[in-house]
Amino acid sequence: MAGGLTHFDAKGDAHMVDVSDKPVTSRIATAVGWVKMAQETFDIITEGRAKKGDVIGVARLAGIMGAKKTPDLIPLCHPLPVTKVAVEITPDADLPGLRIEASVKTTGQTGVEMEALTAVSTTALTVYDMAKAVDKRMEIGGIRVILKDGGKSGRFEAP
Amino acid sequence: MAGGLTHFDAKGDAHMVDVSDKPVTSRIATAVGWVKMAQETFDIITEGRAKKGDVIGVARLAGIMGAKKTPDLIPLCHPLPVTKVAVEITPDADLPGLRIEASVKTTGQTGVEMEALTAVSTTALTVYDMAKAVDKRMEIGGIRVILKDGGKSGRFEAP
Amino acid sequence: MAGGLTHFDAKGDAHMVDVSDKPVTSRIATAVGWVKMAQETFDIITEGRAKKGDVIGVARLAGIMGAKKTPDLIPLCHPLPVTKVAVEITPDADLPGLRIEASVKTTGQTGVEMEALTAVSTTALTVYDMAKAVDKRMEIGGIRVILKDGGKSGRFEAP
Amino acid sequence: MAGGLTHFDAKGDAHMVDVSDKPVTSRIATAVGWVKMAQETFDIITEGRAKKGDVIGVARLAGIMGAKKTPDLIPLCHPLPVTKVAVEITPDADLPGLRIEASVKTTGQTGVEMEALTAVSTTALTVYDMAKAVDKRMEIGGIRVILKDGGKSGRFEAP
Amino acid sequence: MAGGLTHFDAKGDAHMVDVSDKPVTSRIATAVGWVKMAQETFDIITEGRAKKGDVIGVARLAGIMGAKKTPDLIPLCHPLPVTKVAVEITPDADLPGLRIEASVKTTGQTGVEMEALTAVSTTALTVYDMAKAVDKRMEIGGIRVILKDGGKSGRFEAP
Amino acid sequence: MAGGLTHFDAKGDAHMVDVSDKPVTSRIATAVGWVKMAQETFDIITEGRAKKGDVIGVARLAGIMGAKKTPDLIPLCHPLPVTKVAVEITPDADLPGLRIEASVKTTGQTGVEMEALTAVSTTALTVYDMAKAVDKRMEIGGIRVILKDGGKSGRFEAP
């Protein structure tokens, strides 16, 4: 381990941490993020919600599927069978843009904050993809973990 | 198309845009982003760079592989054979954190900004994964496209 | 080749057909299929369309993404960059159930009928998944190619 | 939940159902389906079985592998470690065509009927792929669940 | 580039080589390898070939599918649409064991030796998997490229 | 079962072995292999280790990720959540070349020797990929299992 970085062994080589001896517990994590966009883009997307062209529905589904691809994307992440993924997208006129929140649960030996973060990221990227024809200046940010519970390290909450 | 959103047809149903008649041209896109972290985390990672535990090397590789997974992650994204992916990670003591820049090229019928954005996102997520044992409050942000060139819509640059 | 089956060589061993010398042409294929269900299930899904719980939207997206996974699923299928995927789902009160039609295009050396068939299959399976809590007796059928054009073997249409 | 559709929440948004609190039990599901083809195609495939060009062997293997890809294909399906997959293909001269039956087992928190259905679909698609050079009019149908057992909802059998 | 290693830039950072300006040419590569096993294992497998339990057929198919997964497995490998994959397995009583030869073709901007090597490796691993219940001491070796042609570096042949 | 080959049923058809009734136990497996290369290639890679162009770091990471792809690559392999993957690469001046050792752990119903072998293979292939610009005559070999423990069949060790 180098300076507390558990993904490295004594020689400094990256490895997948051994979680064999950790107990199987119920775990949950929640992550958030946002996509900021031009006012006009915001209007198109939020109107589409009600009428035609459901950007939000497609992006939310992409986020759920993205959570399942986490061990494929993050090299040292353990594969684990998620038992719940929910993604919420809330239009925020003040950004203006969309706020994203993803919650993931599992019953396993490691936490699911990476799954929650990957769900948020994939949702945000999909929003960008679907709206990029009208707005190339969108920005993705604010991606962080706000809740993690169920493991040895105890409950973590960030306001 | 709903309000200029090309990913929807006249009925408002999401579809993969028909690019069959677009010319095959050389295309490039560059995206950026950052991971902000505690000063202590920054010190561990940047020292590791020189000595033990190469967070930056692992994250950069994850970003390159992530670019190749773009059509898997983004529902309406066209699969295309990327011809170059480069990811640069630069420590920024003022954040403090890491700045990420990804450039992707292809010779094809659609742009590669989603590939560049996915590379940046995956790199940032991997940094989070590798440092989360010492810092759960890291934040990922500033993800946007700064260059896109080679398609019908012309050159786009954002400062 | 055994009895015209191009996927086998002279010894009868399965292989991926050599298409290196086939010209790159514009290709299109359309496939159809349906999911038959109880009247009550049909009512829930078609009402959901207008109000809450968009089974049709989710299934259509799954079909589009499924088309991109064709070479992963079908062992001897060539990978190729699809340039368009569209899936239409039409409620049919007489079935009762949903009729599915998928069209796929590419500019390449082989046809895309497998991509169109895989899109239809994946769409149908997703409908089943989403409605199985209320109806386990749904049936998927009528999956076939109705149009294929653009290759050496000429235009194929089935009524 | 909209009209009993468990894949939607109170707002009508699609999500992956929370199965965290469901007990881990032994589960099994069996699905069936068929590929109908021209008499001549049937003769080529069934003769190939004995001699050259084993369409049936390739398609059965594709079905087994397809079962493992279920959570990748079906957006809201939970990933779970299957403990058994078996696919049987039986020539039926009366169709004429091939009858497919897939059985899947797991020890987990959700059922495996989607895995069984995906195995049948993938098997059928692979048969189509391998025989399409001689017969474009094949039809895939009769895909349904005939047995599901091991969960809270009890045993389901369809004749 | 560090000492001729094209996968590293001037700073020594790994990247995916830029092949944008390389011409699209016909390319082919052939790789070989073997699985050495106990005499009794060899007898079971080669008899199975004729009668029951076709290890060779399953392994060959796995090799073909493995070639398509090359850019997923090898971090800096370019994705490219292979136009042919053939895998031959020949029992060699003198090893005793199975000799594997894989040929891959593409029309693209980079070579396909990694695809041919991955096909051989996956074939060999599958043989191991299928026979490991009777023989844990099998060894995989002799994996190398014997032919590469079609790129700028000219024809390479190894006896 | 044909001659002890558990992957075949009584008819000789390949299937995924039913492990539903096997106990969940701690399992470990270790596999080894090597890449032999020209002296000059060996010098470039081992010097790069210390300075620029870390072939060994990239290849080790590819091996870890490769282990997670095992059920995707090996047709009849059960998917299972690995709890640890470690890959060690040791330069051996006598080969000359690199020696690879991979250890994988799980808590599950089947062994992980295929995951360990796949990690070794993927590591070796990645070394080949990264050094092929300077040496096309490298050879991959010596891939075998040296330790397997935790299942019904007891401890297996090979010197």
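The letters A, B, C, D, E and F name the chains in turn, as written, and every chain counts its residues from 1.
Going forward, a residue touches a chain if its C-beta (ideal position, glycine included) is under 8 Å from a C-beta of that chain, and two chains touch if they have at least 3 such contacts.
Note that the structure is a prediction, hence the values are computed from the model and not measured.
J.: Going by the touch criterion stated earlier, list every chain that contacts subunit C and also contacts subunit D.
T.: For subunit C paired with subunit D, the chains in contact with each are A, E, in label order.
J.: From subunit A, what is the lowest number of touch steps before subunit F is reached?
T.: Minimum step count, subunit A to subunit F: 1.
J.: Identify the chain pair with more contacting C-beta pairs: E-F or B-C.
T.: E-F
J.: As a test of understanding: of all chains, whose mean C-alpha position lies farthest from that of subunit E?
T.: A
J.: Could you give the separation in Å between the centres of subunit B and subunit E, each centre being the mean of its C-alpha atoms?
T.: The separation of the two C-alpha centroids amounts to 31 Å.
J.: Please tell me the distance, in whole Å, between the geometric centres of subunit A and subunit E computed from their C-alpha atoms.
T.: 36
J.: What are the residue numbers in subunit E that touch two or more other chains?
T.: 14, 54, 57-58, 61, 65, 72, 75-76, 81
J.: Spell out all pairs of chains that touch, sorted by label.
T.: A-B, A-C, A-D, A-F, B-C, B-E, B-F, C-D, C-E, D-E, D-F, E-F
J.: Quick one: in the complex, what on subunit D touches subunit E?
T.: 54, 57-58, 61, 65
J.: For subunit B, which residues are in contact with subunit E within the complex?
T.: 26, 57, 60-61, 64-65, 68, 81-88, 105-107
J.: Can you tell me which positions in subunit C touch subunit D when the two form their complex?
T.: It is residues 2-8, 11-12, 14, 33, 44-45, 47-48, 51-55, 58, 61-62, 65-66, 69, 72-77, 113-114, 117-118, 121-122, 124-126, 128-134, 136-145, 148, 156, 158 of subunit C that touch subunit D.
J.: For the complex, which residues does subunit E have touching subunit B?
T.: Listed in rising order, the residues are 9, 13-20, 71-72, 75-76, 78-81, 108-109.
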